[in-house]
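In this document, chain identifiers A, B, C and D correspond to the written order of the chains, with residue numbering beginning at 1 in each.
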Amino acid sequence: MAGNSFGQLFRITTAGESHGPGNVVIIDGVPPGLPLAVDDLLPDLARRRPGQSKIVTARDEKDAPEILSGVFEGRTTGTSIAILIRNEDQRSRDYSDIRDRYRPGHADYTFDAKYGFRDYRGGGRSSARETNVRVAAGAVAKKLLAELGVRVLGYVKQVGDLVADIEDPAAVTLEQVESNIVRCPDRAKAEKMIALIEKLRGEKDSIGGIAELVATGVPAGWGEPVFDKLKADLGKALFSLPAVLGVEYGVGFAVATARGSENNDPFVKDGDQIATRGNRHGGMLGGISSGMPIVLRCAIKPTSSLPQPQETVDRSGKQTTIATKGRHDPCLLPRFVPMGEAMVAITLADHWLRQRAQRGPIDRT
Amino acid sequence: MAGNSFGQLFRITTAGESHGPGNVVIIDGVPPGLPLAVDDLLPDLARRRPGQSKIVTARDEKDAPEILSGVFEGRTTGTSIAILIRNEDQRSRDYSDIRDRYRPGHADYTFDAKYGFRDYRGGGRSSARETNVRVAAGAVAKKLLAELGVRVLGYVKQVGDLVADIEDPAAVTLEQVESNIVRCPDRAKAEKMIALIEKLRGEKDSIGGIAELVATGVPAGWGEPVFDKLKADLGKALFSLPAVLGVEYGVGFAVATARGSENNDPFVKDGDQIATRGNRHGGMLGGISSGMPIVLRCAIKPTSSLPQPQETVDRSGKQTTIATKGRHDPCLLPRFVPMGEAMVAITLADHWLRQRAQRGPIDRT
Amino acid sequence: MAGNSFGQLFRITTAGESHGPGNVVIIDGVPPGLPLAVDDLLPDLARRRPGQSKIVTARDEKDAPEILSGVFEGRTTGTSIAILIRNEDQRSRDYSDIRDRYRPGHADYTFDAKYGFRDYRGGGRSSARETNVRVAAGAVAKKLLAELGVRVLGYVKQVGDLVADIEDPAAVTLEQVESNIVRCPDRAKAEKMIALIEKLRGEKDSIGGIAELVATGVPAGWGEPVFDKLKADLGKALFSLPAVLGVEYGVGFAVATARGSENNDPFVKDGDQIATRGNRHGGMLGGISSGMPIVLRCAIKPTSSLPQPQETVDRSGKQTTIATKGRHDPCLLPRFVPMGEAMVAITLADHWLRQRAQRGPIDRT
Amino acid sequence: MAGNSFGQLFRITTAGESHGPGNVVIIDGVPPGLPLAVDDLLPDLARRRPGQSKIVTARDEKDAPEILSGVFEGRTTGTSIAILIRNEDQRSRDYSDIRDRYRPGHADYTFDAKYGFRDYRGGGRSSARETNVRVAAGAVAKKLLAELGVRVLGYVKQVGDLVADIEDPAAVTLEQVESNIVRCPDRAKAEKMIALIEKLRGEKDSIGGIAELVATGVPAGWGEPVFDKLKADLGKALFSLPAVLGVEYGVGFAVATARGSENNDPFVKDGDQIATRGNRHGGMLGGISSGMPIVLRCAIKPTSSLPQPQETVDRSGKQTTIATKGRHDPCLLPRFVPMGEAMVAITLADHWLRQRAQRGPIDRT
């Protein structure tokens, strides 16, 4: 209960720090019989890993996962799946610059306040390093969802003032997203975003942005009516990622200025299905999936670590400055995309299992 | 696990529907010795209840709570506290208009998709009616937090295009909030908001808005580093409320256009404490409270129920229209404020208990 | 997490004390569509209630349940079901005899040690009174299990030295059990047990015993392989009832003197099914149901409350004696039977839902 | 929720199988600052491991643990601790004898019934192999409890008909237990037990027994009053171990023949403390620790795997026999002792944290 698990039935539990031996995830709830191998994990890990392009951090982490359990003869057994990713880049260096000084925007001070001391060699447990095993677990969830016809895809919607023009979020393809290093399906804007990010890195600065995440193929009926609304669990999932300061569904904050008469999406018949005309609601009504694409956006802050001097205090409270050494992302968005997809996929897999358990009619298993 | 509980150590479990005998909440985790009586629950229930002013629904619900357990001689015993609020306004009427037709923006269709049938007399379990026991539980959480010097307060920040001018969110007082029926501490804007809401009711329409919620006095160190970040659990808490389409902390979505060099709040010495200059981060770093005020905003959609005809389909998929009868809020914001406060208070009480269990040093209880 | 909930998917949460307004249970996880009414709860409540016969306590409690939620037009809706049972026999009396003196065998002292104070009017939260809502929830679980062909039945196996002769636990019928007031299907022994209990009541004393519980119709495959073995969850369920000092499955403690070659139940073909010859294993192998009847026994201590003086101390530690007034059971066994059945049924319903969620193959809900 | 986690606040989650790469445990809830190193884990792992003496299985498993996270500069950080133990003895061999035939007393058939297929190379997830990481986690829990003055110790009480004579369970020392290979502090009986076990191995058979577990130094007040009674959580913990068919506290099943007047332990003053004269209740009253030693016993079945032919069926239901090859324990008791201690220690650590969170008075952390 110390916050290292997520999900009820599809449940992940993680451990690991940025500068320890490695990170590990235990995945509970994958039904037996799903084909699974290390190769299934590699593509998303490659999309998340540092060093993948010129606009992300130059640190080189291979993120080679090992499946320790839960798979036999290429299929899941129904028991818990453990995945280990060892840390490779654990160079011993001089940490005296960050040991006693609190990096602004980081968890250094809050960890000290919480625990009394901390692993001063980096972010420790608060580092984005731990998201590598989330992405591995997300790849398992995606594979499961694919069997059900559900697809989760994210992309960069905005970097600084540059907003991508996306006509239909549900029509964006993985190929479009991966066609450029910033992961923006609007190619013209993607080029400008890349240029902006490179410019900011040159200025020893960083920039924020917005990622959009879309789940298609989710049938109507997933999610619970009260506390575990699908939007509530997705919200928790996404806010649990580092640097996320905002989450919104459908038209999101734009509802503030909307009238009910324009905001309601009318129900219509779409072939055999009931659907809505328009998707201002973002694919969930009363917290339960409506059968329309689930569309959401996350606001991501600019990287806090900067190579330029920033004002701060040390552990004793004395005023000082800090300029973080090391290699950091000038913009977190390109690497956020697979992390966001992973958390959405894990949440959906969880709610699929929950709906599976609870649905009527009552029948002998 | 069917989504009727929230929290880990301060944990609420609810039951009840809009048209059943009543709603009940069981609260786990209140330590022994807290003075508690029904009177402690009434103020926030009055702020939530329908019929409180001319700009909310005219339904009259008294929301008279009964404490069924967990209190002895005026103090909590440390065991589970049950609170029952009976429904009073259960007039039998003709439901044929909504029985088979899906109200746009409501959970009618998604409930049918999930459960196969539903209580057609209203929102059932998806009705905002169930939030009355959340508000009662929130009053208990607030009372607990007050003992620790923590205060949770919300107010209306925006209705339609009207944005309140609030200099310092942490300085707003309950008196300012309650000085007008729209619960906006900017009096000039409050008057305009009230006028706008009345105008929209006259037009048989509704309007959205934004509520801001502030927690002061939270010490640094609450929240967990990974999945149960304080921002993650607050996000889930708030998205679990009806009509919330967006949640953001600190500067929120404005981080998208910010540079790191301007977005980081520098650490400074503030008396004996370490604080930050500025609070763009919203009171949490790495998901753990920083000691600065926690500031967040929720985007609330305009009421979906409208007395004007809206396009929809019936259960068979045939196109039709529906104009919901009954009395509805032309704007949800004024009644949302105590609901939002309740969920924030419950989440903070939970993380207080969690930090209490886990903190060092290790000592015999 | 303060221990007022049981189960993962079929989950009950309770509140209430012996001398408060009443007890309430919220049941999560009942799928939609199960026919349910108050009448379904009454038979087991009648089997549990005080005053039912001359060999149980003479207190008169009607235990009239009210279903507050989760049922619409006679069927469960799939949302949380709350059941309230008000306390009726709350006569105000003089509690000075038990207020400061610790009753031996009771939780008076441990509650004081845990909470610092307690409701001194009786057992409070530790009273067997709270089991009435467990029995109500158990009746719901039994009704659910009946749809699946699963039956849970208990009976008294032993009182003092009197051991019932039961040839086949799975063949015992409810009629046999209810044919006498001690709930022992061996009629000859039942008469002797009744005589023994009456004798002990005459001597102001009490007597212990053993209850046997049997679940038939459970298909092979329920239960989880590691911590949530079916035997582990059943064990917790039964030890959570007051006065249970021992639980054993199949041959139980008799395995201590058994050889492997005699203890293993050989697998055999039984029609289309695989079964075992003999059921020394008690219906679970590796913690997972084997398809054979689940057979277990609980050791129940003699009632601690006695009308004769017992040595004890008061809150200040001063030596004194106490003879509890009021009306108590000279033997807990007859009333334990429905409690034990309820906890077994709740545990099985939970594992049915869990198996339902996790089983292969992977298919779209 | 698929049963791979145990505990609420001190929580362990495990993964791994007998014939996979290894087993891993993630431990949540250890407060910051506890000194911890691999050396702390080795003694109990050595007590659990195969090949340790002539009366256990001759398989050689080194069980070399690696701490992957949660420890920095020799102290716990307060974040999740992962421990990995790789499997070493994974010789590829011919499994055709057990691939399709169900070993009596094992989980082969129930796994097939549950999952549709299984890792046929051994017990897979149902193997006692997974208890090695439980024992490692138990060593962490023991170290934590030692800081609080709590000690957990187990020993063999009975093998076959040989019952050890133990005057005071709370006075037994680790040295006495470890003075012989059967782990029985009654030396005379220990020799006879060893001889009996060797005799049975010679006869290609196995024998059951009873282990007794004792926790001293537990203060009054741990445990919750209703479902999470300490006896309930301990019961679940112990029944979650393989081969446990019975659990009893204090006098256990002997309460069946006891009168209340003799069974109640009178409260007495013991120095500054309140204690009981006698400990028939086993250290818990109302499910909450009484301050007296917690004393319990587990009935352990004889090893199911036997080198002699046993009747069974194959997957198609055809009658056949099986004589399990490989090296097995002729008696599980000596290796059960550290497993039982581990589960008791984990449960107690969990309830210490829970009591820490919930106790009064209410104070700012």
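Note that in this section a residue touches a chain if its C-beta (ideal position, glycine included) is under 8 Å from a C-beta of that chain, and two chains touch if they have at least 3 such contacts.
Remember, predicted model here, so these are calculated numbers, not experimental data.
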Self-check item: More contacts between chains, B-C or A-C
Solution: B-C
Self-check item: Same-interface partner of C-D, chosen from the options B-D, A-D or A-B, over half of the pairs matching
Solution: A-B
Exercise. Please work out the Cα centroid separation of subunit A and subunit C, and write it as a whole number of Å.
Key: 45
Exercise. Let me have the rounded angstrom distance from the C-alpha centre of subunit B over to the C-alpha centre of subunit C, please.
Key: 39
Quiz prompt | Shared interface positions of subunit C, touching two or more other chains | solution = 1-5, 8-9, 14, 29, 32-33, 78-80, 114-116, 125, 219, 221-222, 225-226, 354-355, 358-361
Quiz item: Once bound in the complex, which stretches of subunit B touch subunit A?
Solution: 1-6, 8-9, 14, 102, 104-107, 109-111, 113-116, 123, 125-126, 130, 158-161, 200, 205-210, 219-229, 231-240, 242, 244-261, 263-269, 274, 276-277, 281-282, 284-291, 299-306, 308, 310-313, 317-319, 354-355, 358-361
Quiz item: What part of subunit D is in contact with subunit B in the complex they form?
Solution: 1, 9, 29, 31-34, 78-80, 144, 147-149, 219, 221-222, 225-226, 352-365
Exercise. Would you mind writing out the residues of subunit A in touch with subunit D in their complex?
Key: 1-5, 8-9, 11, 13-17, 20-24, 26, 28-29, 32-33, 66-70, 72, 75, 77-82, 84, 114-119, 124-125
